[in-house]
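What follows is a group of structures, each given as structure tokens.
In what comes next, chain A is part of two complexes: it sits with chain B in the first one and with chain C in the second one.
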Partner chain A sequence: MIARRQQAGANPRRIDARLSLLDRQVLDADRVPVQVVGDLELSHVSLDHPIPPGTPAPVITALLSGPVLATRIFGGRPPTSRLHRIDWADVAEIDVALSLSVRGDTLDVTWVERWVSEHIIGRIPGGHSDPQ
Partner chain B sequence: MVESPGVTVILSDLLHLPIRDDSGRTLGVAADARFEITDDDSGRPAHARLIGLVVSRRHAGSFAGYERTSVTAPWPIARYLRWRHRGSFLVLWEDIAEISPQAVRLRSGYGRHPAQL
Partner chain C sequence: MNKLLGLALGVLTAIGGFLDIGDLVTNSVVGSRFGLTLGWVVIVGVVGICLFAQMSGRVAAVSGRATFEIIRERLGPRAGVANLAASFLINLMTLTAEVGGVALALQLASSIEPWLWMPVAAFAVWLVVWRVKFSIMENVTGLLGLTLIVFAVALFLLHPDWMQLATQAFQPSVAPAGAVPEAGTTYWYYAIALFGAAMTPYEVFFFSSGAVEEKWSIKDLGESRLNVLVGFPLGGILSLAIAAGAAVVLLPKQIAVTSLSQVVLPVAEAGGKLAIAFVLVGIVAATFGAALETTLSSGYTLAQFFGWSWGKFRKPAQAARFHIAMIICLLIGLGVLATGVDPVAVTEFSVVFSAIALPLTYLPILLVANDPQYMGKYVNGRVTNAFGMVYLVIILVASLAAIPLMIITGAGA
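Moving on to the complex of A and B:
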């Protein structure tokens, strides 16, 4: 609600990534928590080359989740293979939490939870039943 | 949307980088990145375009962004953090001449814009 309150009805609206995106909870289409935003993937940034005037600005292409706590404190970045992507096209709303337009069980970021559910929890008697 | 050539990076690659002017003088560090969100007809945030970088003259960390918002409570914390981040400013993407893993270099005649949202 922070970004929305500040700029109600504004389109386009402006937000700062660390204030309104990083560490925010991500909810899937069923309002089930999926992850928190660990980082953002930006498109088309020229590194180590002069940026010609008039070059279009980068855009966010994906939300990233992974082991980012240590690298935020001590610097560096986690290996790309350890980061899970959620396409920006799947983001439906930016509020106190970020809402997706897809279900969490279709995302790579939830594969550990799905594997544990299927191979461990599901083998425990009663493990297939939803909690009451 | 027209896209510029380059590589895919993550935001952490930009945050904490020193910001330098065209003569190499360090102006501060990238404390945050400002984006412009454009909604489509259904209200979905279709595009998030980088507007620029928030430059803090002293500290890369900016707890709660007090210096960029109108939040004033609790006032001792708000006053302390505003003082701590005094002099923060926004540099626009158009004023960025080069990004390297070591620093961000600005064009000559770059503008300092208010950091407030």
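Moving on to the complex of A and C:
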């Protein structure tokens, strides 16, 4: 599977999605870790019918995370409602880690982090102070 | 001058930070049963941890990536999850042993039952992880840990028969003069335990994540290499001094090491109460420092594997899952200790399991240290790779032999 880099101004470069996208760290616009790429969402791939010749190649539409680790190991797929998407358009750069052009705390995928922060860690004295 | 002071501080904390409960107990046990005949293993282990720590530190400084991020990227989900499970559980076991070690050392100092000290120790560990700046935490425990030099001083005060110690060290045999003859398999079982104690994997998680915490860059590489290459071997000499002290005092009287009081017995015989005071400060500092490192390592491994925000350089509320994971791990460790299990026994198992898990962390680091996408022109040189391959073989052999030897010898009984 080949992903084409869609960044404006950069030369298109061929990368192996399995090697350079899956299981890579995703950083937000402030370089804060967001998630690891659990899986990729591809556009219009029909699984049950043979693909007619001349069909345009599928493109990556989103980075997925959620309960995908178990299904990647043991097979099957989780229901779509359990998956968190990060739009491929929000991916700014692909290097050893993927960088986003948006802030992590605006994304659905960080809700557990926000919940733990607001309800537990943030309530312990000193939770909001710098460790310096 | 400031630069020189910084370098000295780095080396000193590396010496003090090298020893933990695993090194203390295992060297003492081995010294009391085999004399210095297993001294060569400490040297093999120290060279190994120098190689391994230096490589993971370089990967972290150049690519900004800590060990467990790389493990998942390199091994994929299947092998990555297996690796996480094994490394995390062994780290949790070491964490339990270290918190228990703090409590045992405080018991020796105060005569208050260790189970009363355990919650205090765990709470203190959490408080430091929660509030104290990373570099202060490292320097204070490292410098206080230096008081363990009293083990080396005690060895001189004991006026040992140096020739006999040298014979044991340079002409290793399974049954040195004056010792109860042991089976060959027991000898090799303890060789693996000693190797695991010197090369505990958590030191690598901690070292590489610490490099990210302290924002190392390429220009810090020289300094970090010096800390490792000078500090760790000097720490290894302290390990040997512990074994030698046990060989001089405990071995002839056939005293078995089953608790911390036997570990410090040679020091007490040589230097009396003052020496005991020093050694207790050192043991509390070393085990407390290691308890901090293993607690942080449990957070690092989980957060890096799942891609959570982590690090002591962030406010806790901005690395919430990282902090909650550490709190839960400390509570689990405390729960295990509350069952009344002997921390010394947990330690003895944890070092052997560390040896078993070594290839899991070692191999990915060796691969990435050779990958130009991460490392640019700072990939491993030929000499490092030659050593790297030799150690890969040693680590694999130790890992594969550990469980059969554990079964045959009844865990070294």
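Assume the second predicted complex is superposed on the first by the 120 of 132 C-alpha atoms of A that agree within 3 Å, B and C clash if a C-alpha of one lies under 4 Å from a C-alpha of the other, contacts with A are read in each partner's own complex, and residues count from 1 in each chain.
Everything that follows uses one rule, which is that a contact is a pair of C-beta atoms (placed from the backbone, for glycine too) under 8 Å apart; a residue touches a chain by one contact, two chains touch by 3 or more.
Just so you know, these numbers come straight off a predicted model, no measurement behind them.
Chemist: Once the two structures are overlaid on chain A, check if chain B and chain C clash or fit side by side.
Modeler: fit
Chemist: More residues of chain A in touch with chain C or with chain B?
Modeler: Touched residues of chain A are more numerous for B.
Chemist: Under the stated touch criterion, which partner chain does A:D16 make contact with: chain B (first), chain C (second), both, or neither?
Modeler: first
Chemist: Output check: A:R77 vs chain B and chain C. Expected answer is one of first, second, both, neither. What do you get?
Modeler: After superposing on A, A:R77 lies in contact with chain B but is clear of chain C.
Chemist: Of the partners chain B and chain C, which touch A:T106 in the superposed model: first, second, both, neither?
Modeler: It touches nothing on chain B or chain C.
Chemist: Rounded to a multiple of 10, tell me what angle the C-alpha centres of chain B and chain C make at the one for chain A, in degrees.
Modeler: After superposition on chain A, the angle is 100 degrees.
Chemist: Can A:S129 be said to touch chain B (first), chain C (second), both, or neither?
Modeler: second
Chemist: Upon superposition of the two complexes, what minimum C-alpha distance (Å) separates chain B from chain C?
Modeler: Minimum C-alpha separation, chain B to chain C, in the superposed model is 6 Å.
Chemist: Please write out, lowest number first, the residues of chain A touched by both chain B and chain C across the two complexes.
Modeler: 22, 72
Chemist: Report the residues of chain A in contact with chain C in the complex, numbered from low to high.
Modeler: Where chain A meets chain C, its residues are 22-26, 32-36, 65, 69, 72-73, 96-97, 104, 112-114, 116-117, 120-122, 124, 126-132.
Chemist: Show which residues of chain A lie in contact with chain B when the two form their complex.
Modeler: Within the complex, chain A touches chain B at residues 3, 6-7, 11-19, 21-22, 39-51, 53, 55-61, 64, 68, 71-72, 75, 77, 83, 88, 91-94, 101.
Chemist: Applying the document's contact rule, which stretches of chain B touch chain A when the two form their complex?
Modeler: Within the complex, chain B contacts chain A at residues 1-16, 31-39, 43-45, 47-51, 54, 62, 64-65, 68-69, 93-94, 96-101, 107, 117.
Chemist: Taking the complex as given, what residues does chain C use to touch chain A?
Modeler: Checking each residue of chain C against chain A gives 63, 65, 69, 72-73, 76-78, 80-81, 130-134, 303, 305-310, 312-313, 315-318, 320-321, 323-324, 373-374.
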